[in-house]
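The data blocks that follow each hold one structure.
You will see chain A twice below: alongside chain B first, and alongside chain C after that.
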Partner chain A sequence: MNTTNRDLRVTNLEKSFGDFRAINRISLTIRAGEFLTILGPSGSGKTTFLNMVAGFLDTDGGTMTLGDRDITHLPPETRDFGMVFQGYALFPHLSVFDNVAFPLKVRKWSSDKIARHVEEALDLVQLGNLRDRMPKQLSGGQQQRVALARAMVFRPNLLLLDEPLSALDKKLRAEMQEELKRLHRKVGLTFIYITHDQDEALSMSDRVVVMRNGVIVQQGRPDELYKTPRTSFVAGFLGRSNFLRGDVVSLDGEKLTIRNGDLTLRQHAGTATLQPGDTALIALRPEAVSLIEGDAQADNVIEATVSDSNYFGSNFSITAETDHFGTFELTMPAAQLSHDLAVGSRIRLGWSASAGVIVEDDE
Partner chain B sequence: MDGFSSQPISPATRTTAWAIIAFLVLPITIVFAVAVTDRDYLAMPVDEISFQHYANLFTSPEWLHSIWQSFVIAFVSTAIAGLLGTLCAIGCWRISNRLSELVRVFMLLPVMVPTIVYALGIYQFFAELRLLDTYLGLIIAHAVTGLPYVVITVSTSLAGFDGKLERAALGLGASMGQTLRLVILPNIMPGVVSGLIFAFIHSWDELVITLFIAGRAVFTLPRRMWDGINEALDPTMAAVAAVLVVITVALLTLELLLRGRAKK
Partner chain C sequence: MATTGTSAAHAQKSPGRLSVNSIMGSEGRYWLLIAPAVLLMLGFYFYPLARVLWMSFTFPSPGLGNYEDLIDNASVHRTLITTARIGVITTGLTLLFAYLISYVLVHAKPKVERIMFLGVLIPLWISALVRGFSWFILLRREGTINDVLISTGIIDTPLDLIWNELGVVIGMVHYMLPLGVLPIYANMRNIDTRCVAAARGLGASRGVAFRKVFLPLSMPGVIGAGILVFIYSLGFYVTPALLGGGKTLMIAEYIQLQIMDLVNWGRGAMLATTLLVTILLLLGVMSRIIDLRGLFGGK
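Up next is the complex of A and B:
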């Protein structure tokens, strides 16, 4: 089997519920072996999309192919996709062993082959010693591992994960993120991971697809999305951003000059195509802003009043009111801040022309 | 539960509760006393306690035949009602739209329509079909009137069943049949068993429909008791009644135990 032959290709997928367009002509290729995260707020259509890929929902239009095979209208049980549900969906009347054995039993494997593969799968998720327990005797994290073992034991074509970590507490979630990454590296299976948690998306995925209102807003490597969000929605949803609005006054090659009232900003155009007279929206990460002290210089400098300051050990998070852009957030390593910033004190904020990103306004 | 039991109960509440229990239970206990009478008519024991009527019940070919007939009819009609009722409840649960709600309400008709109205209808209908006074006729009638019990109990079980489990099974490669057998049924089994028990009890002591559509060939236990009261006042009936009560109580206890275990 060659690799490209196991790619999942989704073309112009559509789904409506009454007048509501849940999925609006989505096209996406998921490469074999990839860890792909679909990130979106609730109501973005990400779960609908997953259910269509799994075969639980009919499509209103478009096609899905796995390699050369058209799977658009295949029933879920013949797709050979593993699925991990939100809340795990373990069978409460079956033991850990029988839960994991379920996909093999329905495929009518011989019992010694089943036993061998189930043991292997349970070892993979480090649960070999709990095989005879019932699901309700397990902790959330253990149930999660059983669900993973069950979804992978039959060597599925790909693994669909629907917000699998949402029920776990923060510490366990971090552990399971590591575990998922390890499993993904080890078994080399394609993972399609659905979440509304941007940290999960950024830390685990090879590629992130951001969805909103039934369409893909942007996709790319986590660092690409973080550094160069295409729209204000992506800039605000993946990490935090300050938004600066102004009118383009001139364009000199790569360099834009943007005016807001009496303030002039210098900003790199990036991939944006703006003309003088257009309104520009700049997304600026809190960590890209620095404190300007003494006679230090920066491409852009504005004045602000500190309204809140929080210490997080390794860094400070500061909220300040600016004259031109309302509330501004900035974070900086604690080591860089020599003195305490009292609430109400005046500060100067600065950033370089390449620190911000011109984004499309879609909020 | 502790919070409830520590509440003081007013004497009025206590008295009413005991009165209701007495009215519910005492008439049933009468039959146990009458069943051991030494007279040959329906009366309380006078001089001594006698088991002759129990002996008569278990040696009389007529009574034994009626018990056997009732059992066969109850068994087969319960099986039919159980199968169809369970499938109907699962179907309605899976489709779960306005039409399926309507179907579910429709299924409850046999318990909502007065039995005598139903019996009259069945009588007219079965006369045409030549099903009067046949096993098949009574089995069909009892299966239909037993259906609501199964539909109600299975639907209740399904209401507590996580629909995600069905999708999980399908997603893991199980066919619809395998999902039904390996996942849905084991999880709603307490509801199915309760339904079966209620349907069985229903058929086992059903009289009105039987009076209408059975004559000489099919002579169920309740029918023979009815005739016994009308004609002979034979105390054997009290013995039969006592046995019926014991069987019913045993079945209901079984149902309670199963439900308790399922909850745990």
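Up next is the complex of A and C:
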């Protein structure tokens, strides 16, 4: 089968509930075999989007095509999409085996073919020995695996996952993340994964789409989004950022000079088009900031007072008060910090002109 | 001296006194709280009931004579069969309508649902007598329904909608509907709507998703409603008496006839005993098959 022919193409999708615009003209192409994560806070429209893709919600406008096929107004049962629901939605009156067999039975497969495929699917999620249990006799993680097996057993066109890990505890969640990645590699199915958890988005996806207020704010590979967020919302939602505001004084090729009071900052412009006189907003990751000691040099140096210091084994997280930008966060490997930073001590913070990113202010 | 002696006596628990706790365990005192109600029920409900039931073995002469009627008395047979038939038909129709109403209720918008739910409950607060007489106005030969049908030319001669089994069934289904709706509705409310959505997403059409997921998940409510309505129907008096017009005799009216009009206490008590034992047997059998405690909220 031609892989490009299985791409899901969404064009100008719209949905309103009364006066509330849940989805505002979204266009997106999901490539066959891709692990795509849609990341957004609650109310961003990500679940609405998923329900429209699945066919549970009708569209107010726009189209959806799968390969050459227009699926915009198809009922859910004819789309052949697997879906894992928040809270799993296993059928409580059916055993594990019958839950997984359900999509095959409604497709009227022969019973020995059903048995073979169900066994295979249960083995894939390592639940072969629990086939006769009822859902309520299973732990959260096991229910999750049954839901996955059920959604994949009929070889769907793609798999939709609606915050599937949100009900699990932290350790189990990490295990299931690994499991999902393994399954994705193994079956090569397109995954559309909905979450509000940035760690899940960063660690699992081929591509992340950040949604907010019914529109796509930015999309790209996880490292792209993390390194070069386009707006202050993305910079703050995906990982943490310090935000530095100042006026552009001059632009020399790539190099911007930005002033805040008596402080001058050097900053690479990146893709931003700023002119002298504009206000610039720089997003600076906590790990891009370092301590300046002795006569060490950096493009930008500011003074600060330590207000809090937390040790996390492998690294330190330090909060400091600065004169120009208020509270500042920095993290550094514990091995680099030779001495304790007492609360109240004065420190100097430095970072290079290429460490920060100019972002659009959308908060 | 005297003060120390008193306090010493207090400190030492007197061995001769039995506390409530020592007799009934630590929960004994809570049983005391419901003792008046239990005594009242025993003295004014269970005792006279037992006396009446006992009469079926003692009146007019001791023995099982009254129970022979169950085997060889044609009018007793007719009454029992009529009762069972009307009970089954009423239960079936009530479950069908109650299921439809509940289904619409749980799928309606919250505002509409509240108003419709009130529509289900209000009849429950109106006496069966008033509701029975209301059906007169609608169903009798010169009633509203026949008037409309004749004046629009659909029929020439009025239909017999009352004073027969049809009238009894209409009145009883109407009376039983809230009793059928409540357990079914309560059960449907607890069905995870995502299960039905999941079934659709997994390839089931609307009909298949309903048949394979929603319907089985709603069965506990249907069974509960069925038991409730059937048991109620068996012993129902007012509506059959009003709308049956004396021709369709159900067991409750027949008992009343035996005791009040024919002063045949023996046969009346025998039928009452039969009814009670039948109901208890039914409950016993059902509780073996399904979890009754869970059904009626006992868990």
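Note that the second predicted complex is superposed on the first by the 363 of 363 C-alpha atoms of A that agree within 3 Å, B and C clash if a C-alpha of one lies under 4 Å from a C-alpha of the other, contacts with A are read in each partner's own complex, and residues count from 1 in each chain.
The working rule: a residue touches a chain if its C-beta (ideal position, glycine included) is under 8 Å from a C-beta of that chain, and two chains touch if they have at least 3 such contacts.
Because the structure is predicted, anything quoted here is derived from the model rather than measured.
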> Are chain B and chain C a fit on chain A, or do they clash, once the structures share the same frame?
Replying inline: clash
> First (chain B), second (chain C), both or neither: which does A:125 touch?
Replying inline: neither
>> For A:114 in the superposed arrangement: first (chain B), second (chain C), both or neither?
In response: neither
>> Looking at A:150 after the superposition, I want to know if it touches chain B, chain C, both of them or none. Which is it: first, second, both, neither?
In response: both
> Which residues of chain A are in contact with chain B in one complex and with chain C in the other?
Replying inline: 54-56, 75-77, 80-83, 85, 87, 89, 91-93, 102-103, 106-107, 150-151, 154, 160
>> Which stretch or stretches of chain A touch chain B in the complex?
In response: 54-56, 75-78, 80-83, 85, 87, 89, 91-93, 102-103, 105-107, 150-151, 154, 160
> Can you list the chain C residues touching chain A in their complex?
Replying inline: 192, 194-195, 197-206, 208-209, 212-213, 216-217
> Where on chain B is chain A touching in the complex?
Replying inline: 162, 164-165, 167-176, 178, 182-183, 186-187
> Touching chain C in the complex: which residues of chain A?
Replying inline: 54-56, 75-77, 80-83, 85-87, 89-93, 102-103, 106-107, 150-151, 154, 160
